[in-house]
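Every chain is named by a letter (A, B, C and D) in the order it is written, and numbering of its residues begins at 1.
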Amino acid sequence: MALTVELALQLLQIGMVVAIAPLIMGITRKVRARLLRRRGPPLVQPYLDLWKLMHKEVVVAPNASWVYRRAPYVVFAATWVAAGLVPTYATGLLFSWSADLIAVIALLGTARFALALAGMDVGTAFGGLGSSREMMIASLAEPAMLLISFAVALIAGTTQLSAIAALFSTGDVGVRVSLGLALLALIVVGIAENARIPIDNPATHLELTMVHEAMILEYSGRHLAMIEAAAQLKLVLYFSLVACLFAPFGMAVGGDQSALALGIGIVTFLGKLAVFAVLLPIAETTVAKMRVFRYPAFVGSAFAAAALAVFLRFVSRGF
Amino acid sequence: MPEVAIGLWCIAGFLGTGVLAVVLGGRAIATPLVYGTTLVIALAALLLALDVLLGGRPATATVLPIGLPGLGAHFRLDSLSAFFMLVVNFGAAASSLYAIGYGRHEHAPMRVLPFFGPFLAGMNLVLLAADGFSFLLSWEFMSLASWTLVVSHHQVAANIRAGFTYLAMASFGTLCLLLALGLLAAAGGEFTFERMRTATVSESVAATATLLALIGAGSKAGLVPLHVWLPLAHPAAPSHVSALLSGVMTKVGIYGFIRIVFDVVGDFSPWAGLVVVVAGGATAALGVLYAVMQRDLKRLLAYSTVENIGIVFIGLGLALAFRANGQGPAAALALTAALFHVFNHSVFKSLLFFGAGAVLSATGERDMEKLGGLVHRMPQTAVVFLIGCMSIAALPPLNGFVSEWMTFQAILLSPQLPQWGLKFAVPAVGAMLALAAALAGACFVKAFGVVFLSRPRSSAAATAVEVDGFSLTAMLLLAWVCVLAGTLPGFVIDALSPVARELTWSALPAQAGLPWLSIVPIAESRSSYNGLVIFFFLVVSGVMTAVVVHRLASRSTRTSPIWDCGYPLDSPVTQYTSSSFAMPIRRVFGTVLFAVHETVDMPRPGEMRAARFRMRVRDPAWRFLYGPLVRWIMRSAQRLNRLQFLTIRRYLALVFAALIVLMLVVAIWR
Amino acid sequence: MSPLWFDIAHLFAAGVLVLSLMLLYQDRITAVINVFALQAVVLSLSVGWQSIVQGAPHLLATAFIALIAKGIIIPTALHRIVRKLDVHREVERVVSGGLTMLAGLALVALSILLVQPVVETADPVAREDFAFALAVVLLGLLLMITRRNAVTQVVGFMSLENGLILAATGARGMPLVVEVSVAFSVLIAFIVFGVFVFRIRERFDTVDVNVLERFRGERREHL
Amino acid sequence: MQELVAALPLSPVTLVLLFPAIAIPVLVAISNYRLSAGLNVLFSGLTLLAGVLLLAAPRIRGDFLIIDDFNIFLIVLTAFVGFTTSVYSASYIGHELETGKLTPTFLRFYHAMYQAMMGAMNLALVSNNIGLMWVGLEVATLATVMMVGIYRTPEAIEAAWKYFILGSVGIGLAFFGTILIYMVSSSVIGSGVPAMAWDEIVAHAGQLDPKLLSLAFVFLLVGYGTKVGLAPFHAWLPDAHAEGPTPISAVLSGLLLNVALYALLRFKMVLAGNPFAIDAGAILMTLGLVSLLFAAFMLYRRRDIKRLFAYSSIEHMGIATFAFGIGGPLANFAGLLHMTMHSLVKSAIFFAVGHVAQAKGTQRLADISGLSTTHPALAVGFALGVIAIVGLPPFGVFMSEFLLVSTAFSRQPILTVLLVLGLLLALGALLLRLQDVMFGVPRGKSEPVKASFVPLFVHLLIALVAGLWLPEALVRWFRGVAALLG
């Protein structure tokens, strides 16, 4: 019985992230449009887009291999699994221990690996360009991400996201310089990883600047839908990661599976996502897109901040 | 018969195949027969190792009346040896199987066959040797046998150079080990490991011996800056030997380090751990950076070996540091992580080299700029190569991730260390490891993407054919092991626990009985990972999504020419190549460190000649260490060489001067 | 043994040494050969005296050999070579004469320094003789390395050998001395023969068969 | 065996000296080269037989002759290598006659000199009298001088001349040292023959005057060191090896250097017995190290294959000298083993090199390549030889270097690091040349080799076996000598 409930709660989380992901994307687009004095698409537009794409015919190049055809599903699955394992509304779910922070980061790596290969499969100049740049950015962002997890884990004494969230939600840890730096780094990495301005512009197809879009240039139909959905999921994942690590309030902790606690958890989680989804475009509209070779400096700053966070973990407890 | 004796018979069998090859001469039957025999023997040795390791058998030892006079040759098979025997003979079996097919492409089998078995024998012998003399003899014999294999394609000048660099570095390493063992033997009064182990050594002796062992074993394993031979020698050999060199022999180097430092030296200061950790971190980061920039597939793989050796040494260094501070469980975790990575790397690096060999025999090309599109021509090779790439890039749910994850977990235990230096250095090394992991991803996207995906860049690549069944079977086997070790890591960890207990007097908790077969190295509240669940989730969610989409939405597909943003160009030269793929990373990391020098010779509009791109990447180890060293030797040799052309009178003057000096010494003496 | 006997032995040995120094000083080949011949004569006197002192008649044979071979035959042969091969009459020095003399004196000092502090139990005659013999050997070597001229070098070697004989005869009751002196004479004959046959006209350095300059061990042009 | 020896009309010691002595006039008299080569083999074989019988013969300690553990093994070794070289020489010389490099007249001379040299070396080895030992060594030197010049090319003559002059000076200085020793010992033992007997001198070493003893050692060191080929007295060695017939290079490297080192060690033992004399060990270590490092550097610039291995001989003599200089049971053991292995392996290398030079018609390294393609069997022999000489296992040199380095490091760390550097440098140089000779595309002319590889492979086999297993008797023996050497 208990197992069934636990399974249901886990599946709820897994289902929830995939269900709300387009919505969150919709919110960011809407807010961004409003900030740019456009009316913007409706909030449900991402759902409609996905629906439309899925029903379209897929066009593939003659020399595309099975890698090209399978990659969208792999990307989607890996991102989904990763997103589903980050605690959202409650800690200590059934499978929360099957992947810790490091594994979640690595699962995103799997998704990226598949996508980068897909970008190279057809053999176009753009695809290679996208893959190459993506891997360059990742080679800076991923270590930064791992260092962030170090900073957090060294303070919390664990890499289990559930355990970290539970610990941080108690407030015992206090405010630390280290955590502040880690948050900063996580935001920068999140921006880079989700192909947002100033690293990448999800709305552009200007060939010299695109990264993510260049990789998926040849994709169409349901394949493209999968990739889009994965991108949306990834955004949710990063949002929930920030929420889980740095704003774990409201979560149902310590195996508290009462309906009330869970309800509060879900509501606060959705609220946090909404706030982030509003904040992100605000930040985006204030900066301009960077040149490709400025990226290392930008992402490197995250690396530096995270490294500093690791080294400063011994100072400033609770002031 | 004790287990160690069976092991020795296996070694004798390997040596026998060398004789067999000589007897058979250049006959066609020789290739399958020799490799078949080594396969059988390797399997026997593998079973033996498994039996010892899993059966929890006590160590067995024997003394043969050969070797150093008055000492005899001591051999011992304990769990550490058994684990490495497992690694070696698994690699050997796979390699033999692969070579039954691959060996047919060899032009001069007589330059490979007679040395293959002895090479395997040498590696196994190192693992069993239990006294200084037999150990070093086997060690150097292994180098020698592999040298013959490296220079087997001797018509290529680069291979000859590689062979020289290799054997010179190997001998350097051996001499360092010899010095280390000499120190320890002086303390123990005898050359047996048994006596050295029980002897108490002074702090300085232990430190010197550890350092020398690090240099000596590190030069075989490929620790930066002693790695320079590795990217030259590994690609030079035939591919099944490359796999052994890279996947297996470097592990024997690691074994040497573990055996001498953990087992024989025994106690040491935590600073030894610091040195090893830092060396490992530097090796991991530099190795992979270099790998990314290669355009020769086998060189890329060789440099990636350097990276993975760095990862292993990070684990070993942590284990040393933890053990020195009496933190058994943490030491056991670090050591288990390192050994797990040893196993993993031996599997996927062999797999990748087999894949590279398959590509080489199918196209005759190692240069990635001339490959491409092989996924269509060699579909099965492509699948297994992809699995290898994903494993080595440390992607879940495959095996490479598990061991790296465990290494990260060990790094995260660094606050437990009392030494402030270590508290800071270890996370810094963790950052290097993270960097290495990320760059490894880039590196193998490039390797697979450029070689197997995209459109063929040469006619050789366009007309390649799939390799033979033996080779495919070998690769498939290794790919399966990658998946199994990645999804069921608990069993591997449990198999390693006797080794950890032997060397750190502590072991990880038993993993096999845990619910859902997950792994929990310290405690569940700290960290846990379940490859099986992740694998299951990935498969289910991926398949489910695909099924749902295909059922409920569209499933129609149309083929149409490439779109490419509206500018499709037919020529395959418009694609990204290996060099162009690595360009951003080269810009970011390479300009200073590797003195990357790029020149583009672009024809003016209207000119009909081709544009040229030239790139030079220089290994800092050559630039700052070996280059000056070689120049100094050559200059000194040239200066001294004048002494060959003196007149008799001047020679007499030399004699006279020496005489006078000696007489003055006598005059001054007392 | 009476002091007089000792003094006479000492005198002869010192004479050999002084002649060695004189050899260093000479800069004409004929003079070098003549001084050498004189040294051989003094040596044979010294050896003869030792034979009487030690009551060892076989040493007379050594003295005789020294007189005949090195005092007469070899100098004559060398004079012939000089004439036949048309060797320059001037001695080519590597180091200037004064410097060579200084070095020679230093060597004499070194020899005495080395031998003097020897425990008093050692036979004083032998000891004194021995210091001189050592100096003669060293001066002979010095002569060999500071002269380019082949004939002078041969003389240097023979002077070295004179030192050996001086030492050998000074050592009381040393066996094999006669045999060795014969052997050395043969050796020297070989050298002189070699100089003649290979026409080492000017220098020991070059076996002057026209082409030989190019070879010195390995060929220089491949350097 | 012992009964057999006892039943012999002449003692084996006498035979060891007698056979070569008989051989000289016989060989001079015979003009047929096949016959004389055969007789050369026969006499060498007989000497070897006598040497082996010597093992069973009672030890001797007379005024003139001595047979103890130290020299008996060297006698057997010398006789053995002398025998195999004579076998090799028989096949080698035929080729030289065919190509007209040698004339039959010179061959008579050659074989006689060969026996003279063997006999002289045996004399130096068995003599207890230090004067006799000197005579033996010098006769051996002069005999080799003759043979070095036997080709009568300008290079050969120059090499012989250089050897002759430097050798003569060495002879003189060694004799001076011998006189000094006699002087010192006669004041204690009393004048006469016993004062020249080595065992007497050693027995009274403690009472001898330390200053003169030290001085004597210096002269002996320079004199015999010239023959050992220690730098800076080595100058004759490379050229003599390179320009003489290869069998002579083989015995020069394999035997004469050993015998000279043996002589030096005898005197080192005298000095070791006197606490106030200079530390002969330190001087030997220094000279050994200088030779090793010097030769290691010189190896890099060699263009001539025989000169290359001549320098390698300097290097190995340096190593052995270093080992004896360090002293102690293990290092002395290593030194003895090293001497033995070096003479076996180096002569094997020269056997191979001789064939290589004949097959390629040149000694220039630059003109020799791709040997493994054109002459596989020869290439294997050559490669094994080089591998053995650079100290790679499983050959005997590895064992001796292992013992030396491992014992030396805890006692002389800095010097040992230098030693290791020297070993490594030498290894690098030889390896480079080995690869150039073995691999690549064959160049130049290449003739089939019609010669017996038996001596070559027999030597290598012994070195191989010794690298893995030393017979108990030999070990006991070496240990005894090592203890004797102190």
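By definition in this document, contacts are C-beta pairs under 8 Å (C-beta built on N, C-alpha and C of every residue); 3 or more make two chains touch, one makes a residue touch a chain.
If you're wondering where the values come from, they're calculated on a predicted model, not measured in any experiment.
Trainee: Count how many hops through touching chains it takes, at the least, to reach chain C starting from chain A.
Mentor: 2
Trainee: Among the chains, which is located farthest from chain B on the basis of C-alpha centroids?
Mentor: That would be chain C.
Trainee: Can you give the whole-Å distance between the Cα centres of chain A and chain B?
Mentor: 35
Trainee: Hey, how far is the Cα centre of chain B from the one of chain C, in Å?
Mentor: 68
Trainee: How far is the middle of chain C from the middle of chain D, if each middle is the mean of its Cα atoms, in Å?
Mentor: 31
Trainee: Could you give the separation in Å between the centres of chain A and chain D, each centre being the mean of its C-alpha atoms?
Mentor: 77
Trainee: Which residues of chain A are in contact with two or more other chains?
Mentor: Residues of chain A never touch two or more of the other chains.
Trainee: Among the residues of chain D, which are close enough to touch at least two other chains?
Mentor: 161, 165, 169, 173, 211, 215, 238
Trainee: For chain B, which residues are shared contacts with two or more other chains?
Mentor: Within chain B, residues 641, 644, 646, 648, 652, 655, 659, 663, 666 contact more than one other chain.
Trainee: For this structure, give each pair of chains that are touching.
Mentor: A-B, B-C, B-D, C-D
Trainee: Under the definition above, what is the set of chain D residues touching chain C in their complex?
Mentor: Its residues touching chain C are 129, 131-132, 135, 138, 142, 154-155, 157-159, 161, 164-165, 168-169, 171-173, 175-176, 179-180, 182-184, 186-187, 191-193, 195-196, 209, 211-212, 215, 238-239, 242, 302-304, 307, 364, 366.
Trainee: Going by the contact rule set out above, which residues of chain B touch chain C in the complex?
Mentor: Within the complex, chain B contacts chain C at residues 641, 644-650, 652-653, 655-656, 659-660, 663-664, 666-667.
Trainee: In the complex formed with chain B, which residues of chain D make contact?
Mentor: Per the stated touch rule, the residues are 161-162, 165-166, 169-170, 173, 210-211, 214-215, 218-219, 221-222, 226, 232-233, 235-236, 238, 276, 278, 283, 294, 297-301, 372, 387, 390-394, 398-399, 402-403, 405-411, 416-417, 420, 423-425, 427-428, 431-432, 435-436, 438-441, 467-470, 472, 475, 478.
Trainee: In the complex, go through chain A and note every residue touching chain B.
Mentor: For chain A paired with chain B, touching residues are 54-63, 65-67, 73-74, 76-78, 80-81, 84, 95, 97-100, 102-103, 106-107, 109-110, 112-113, 116-117, 119-129, 131-133, 135-136, 138-143, 145-147, 150, 153-154, 157-160, 163, 205, 207, 217-218, 221-222, 225-226, 292-293, 296, 303, 307, 310-311, 314.
Trainee: Over in the complex, which chain B residues touch chain A? Could you list them?
Mentor: Going by the criterion above, the answer is residues 372-373, 375-376, 379, 382, 386, 390, 393-396, 401, 405, 408-409, 411-412, 414-415, 423-424, 427-428, 430-431, 434-435, 437-439, 441-442, 444-446, 448-450, 453-455, 516, 518, 524-530, 533-534, 537-539, 541-543, 545-546, 549-550, 552-554, 556-565, 568-569, 572, 574-577, 580-585, 587-588.
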